[in-house]
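Alright, structures below, take your time with them.
Look at the two complexes coming up: chain A is in both, with chain B in one and chain C in the other.
This part shows the complex of A and B:
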């Protein structure tokens, strides 16, 4: 492997590195927000309102599933939501990539579908939850349908854009080497749209988390969403805040892993041209 | 005809894009071990003609035959080196060079043997795992050349391959290509807008001219092979270059004058 040339930074001894500086600023902002939250709640809010200290105190109990009898267990909820999120991402991203690719390469598919895909994309998918409970009953299928659709739409539209902007020179090269249509679709159009797919994936992660939580709120499915509703209604606010934090961490983590995977497996990404 | 058999036969070929007639009545025969350069002003359709030979573009009239078979789509045994390199940014040098062989479903052992050999042939040994973005323009085109040669073509179509490469690298690549060609002579069509390059590479230089363009003149360069740097300073080289130059300049001046009149 040849090493990637990059600019050499000359660290000055009396200064922190740019990376360390950025991390410190980030942590500082976080600490400041926590302090503000703690102070404001102590000063203005009734005692059952969660503050960082009570959340921290609740954390070990919640993580050990030691919650008051009758409240949803933490790990059970995490598991239900995480599985739904990954199922939805898997179905939606695969389906979205395939349909987007087809729309991008086949004019007929473009004319048939794009208008409706765009329309659905512009619509808040969670508005469909009540309708879906009529179709699928109060079941996990509602959540799966919502999260799959939530992942499908942004990936589909982004991959469509990607396959529409495949440089014609790539297709020309492929044809000159006797590529058949499937070689062009999956060997040229899809890899060359990977940057678009990744952008779609980022949007998908956000939409899937929202979809899962809202479906759990409304349909009252086991998961972090229903745990949040239940705990907040039963005045277990610190417990609830742990669930909220987990959702935040989940979103950041999935995108972080996607970033790492991009850097590891697609080193050419954003370096070409 | 300076060489034995005819490989490419172009007979009465013309191309129109809608109402625009790009070229017409092109008749040309290219030998099995011959390099034919095609020069002409920009927009004269030299690249389009090359695409017709590769079957990427269908001529409106006339016929092109390679080894007696009419060209209807990209033929086997024909490889193109593109001005835009056409490397896939998501593939390493190795995978880019292997592309043609993989599409042709070549046996794995053949790919494992042929790809490194061609990477070495174009002087890129050690860069197998590099991505195109890590390479200079010259190295990218070396990769493009290796990809074309790896399919073991008997016709090599060069579409202004060195046009977007800096002058010094271009000269190095020209002589390397000549060296490679000497080791495995084949039929080569070399499209360029550089007169020097056309004369240096070609056994014959075809000058396209007019609107729509057609073959204005075919010049035998008569330069000895193998060609080395000495050729560049030989009187014959200068003579041929000046001749081609005057043919093309005449046209360029005329076009300029027409533009002035329009204004």
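This part shows the complex of A and C:
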């Protein structure tokens, strides 16, 4: 932001390092936001509404599974949701990558399927949750189907885009060395669309979490989604906010792991800043 | 695939939308409808309805006025929510880009909120704002605002220093700098978030209709499901799919329009 671009920054002994300063600012803003939340809710909202203080007070009880009898336990809910999310991601990402690759390499597959994939991608998947209760009953299958579909679509479309943008010279060189189709598909097209796959994965994580929570709520499955609804209906908002926090952490953590993996395994790929 | 074949011209690449391609796409659609019809005829009526029944149901809920009313209510909610998301995302994004303290302080929290499934916050919003239209608009905005905000922030941060320096050396004020440099430069970046904002706002629309006051398309889906009226459920889902496809096409058109502008700069 300096108007003199080549000004040299001399280290000044009484100044904090840029990193420390940044951390301090972040912590300060965080504290400020919490105080703001506390004050506003105390001032404007009914007493049962969650405030940072009540959430902090509820946190140890929830983490220790100390909840009133008959209510869903916290760690059981976390486990159910996390397992469903990872199963869905595994199924959806694998399937999405394969179908996207096929659509990118085979024109006929592209023409047959593109309409369906982009229509399902555009629509909110949660519109299907009620219908799926008619198909699969009030079972975990609904959640698995929703979550897998939520992961499948963004990955499929992104891998498709990635496969389409493979430089044709790569393919031509490979073919002139008598590469077989699977060499082109899995040796060239798939690796070169990995950055696209990762972009799709990031979208998928968000959709999968929403899908899991909505399914748990509507189908009333054990999980964080039903815990949130149960706690909010029984006026246990601080407990509910703990579940919300876990979901946020889950989203950030999965994306963080994906980032780490990118840096570790795809060092040649830099996300644009 | 031999080496010789690879050097042959590929006519299909040169003529992307050939008649043949259109026919294959049409065949795909027809096959989809056919499979739908077959599955529908060979399953229980309470779990799946054939395509023809769905079309009939669609016609009947259109004629009865149920569907148009729901569509109107849903679109009002969606439009208001997305509108706020656009304005708030753009303004906040610009502010964050220009004021370093705000950016450094808020960025991690914004990314965290972006990753949080907003659906989980609906009960909280319910307790603060009730369950009427206002609360639902807030939900839709909360779903849709993040892609706009983040893309605006990235765009406004990438304004080249040259442009700013030239403007400054002509003694441009901060207000003029915004009007003539930063806003026009950033807008195309903002618009790359529009499609995602549309998609997320649609999810927010349905989610708020499911969880807050049941209205619109979400209410139709829930009501018909409870009645095991599969044909009507599928008709409502079909309407949402078509609506989403149209909205995404509009989003794509907006993006392309601004991308052309960006390329022209």
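Just so we're on the same page, the second predicted complex is superposed on the first by the 245 of 273 C-alpha atoms of A that agree within 3 Å, B and C clash if a C-alpha of one lies under 4 Å from a C-alpha of the other, contacts with A are read in each partner's own complex, and residues count from 1 in each chain.
Simple rule for what comes next: a residue touches a chain if its C-beta (ideal position, glycine included) is under 8 Å from a C-beta of that chain, and two chains touch if they have at least 3 such contacts.
Just so we're clear, the structure is a prediction, and the values are computed from it rather than from any experiment.
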Contacts of A:90 with chain B and chain C, given as first, second, both or neither: neither
Which of chain B and chain C A:176 touches, first, second, both or neither: both
Partner chain(s) touched by A:241 [first = chain B, second = chain C, both, neither]: second
First, second, both or neither for A:56, with chain B first and chain C second: neither
Which superposed partner A:22 touches (first chain B, second chain C, both, neither): second
Partner, of chain C and chain B, that touches more residues belonging to chain A: C
Which of chain B and chain C A:257 touches, first, second, both or neither: neither
Touching partner for A:209 - first (chain B), second (chain C), both, neither: second
First (chain B), second (chain C), both or neither touched by A:228: second
First (chain B), second (chain C), both or neither touched by A:35: neither
Chain B and chain C footprints on chain A, overlapping residues: 1, 5, 172, 175-179, 273
Partner chain A, residues of chain C touching it in the complex: 1-3, 5-7, 12, 21, 24-25, 27-29, 31-32, 46-48, 100-101, 104-106, 108-109, 111-121, 123-124, 126-128, 154, 161, 165, 168, 196, 199, 202-203, 205-207, 210-211, 217-218, 221-222, 225, 228, 230, 233-234, 236-237, 240-241, 244-245, 247-248
Complex contact set, residues of chain A against chain B: 1-2, 4-5, 169-170, 172-179, 183, 188, 191-192, 194, 266-268, 271-273
In the complex with chain A, residue positions of chain B that touch it: 54, 56, 74, 76, 79-80, 82, 84, 86, 88-90, 99-100, 103-104, 126-127, 129-134, 151
Residue ranges of chain A touching chain C (in the complex, touch as defined): 1, 3, 5, 22, 25-26, 28-30, 33, 41, 44-46, 48-50, 107-108, 111-116, 118-128, 130-131, 133-135, 171-172, 175-181, 184, 203, 205-206, 209-210, 213-214, 217-218, 224-225, 228-229, 231-233, 237, 240-241, 243-244, 247-248, 251-252, 255, 273
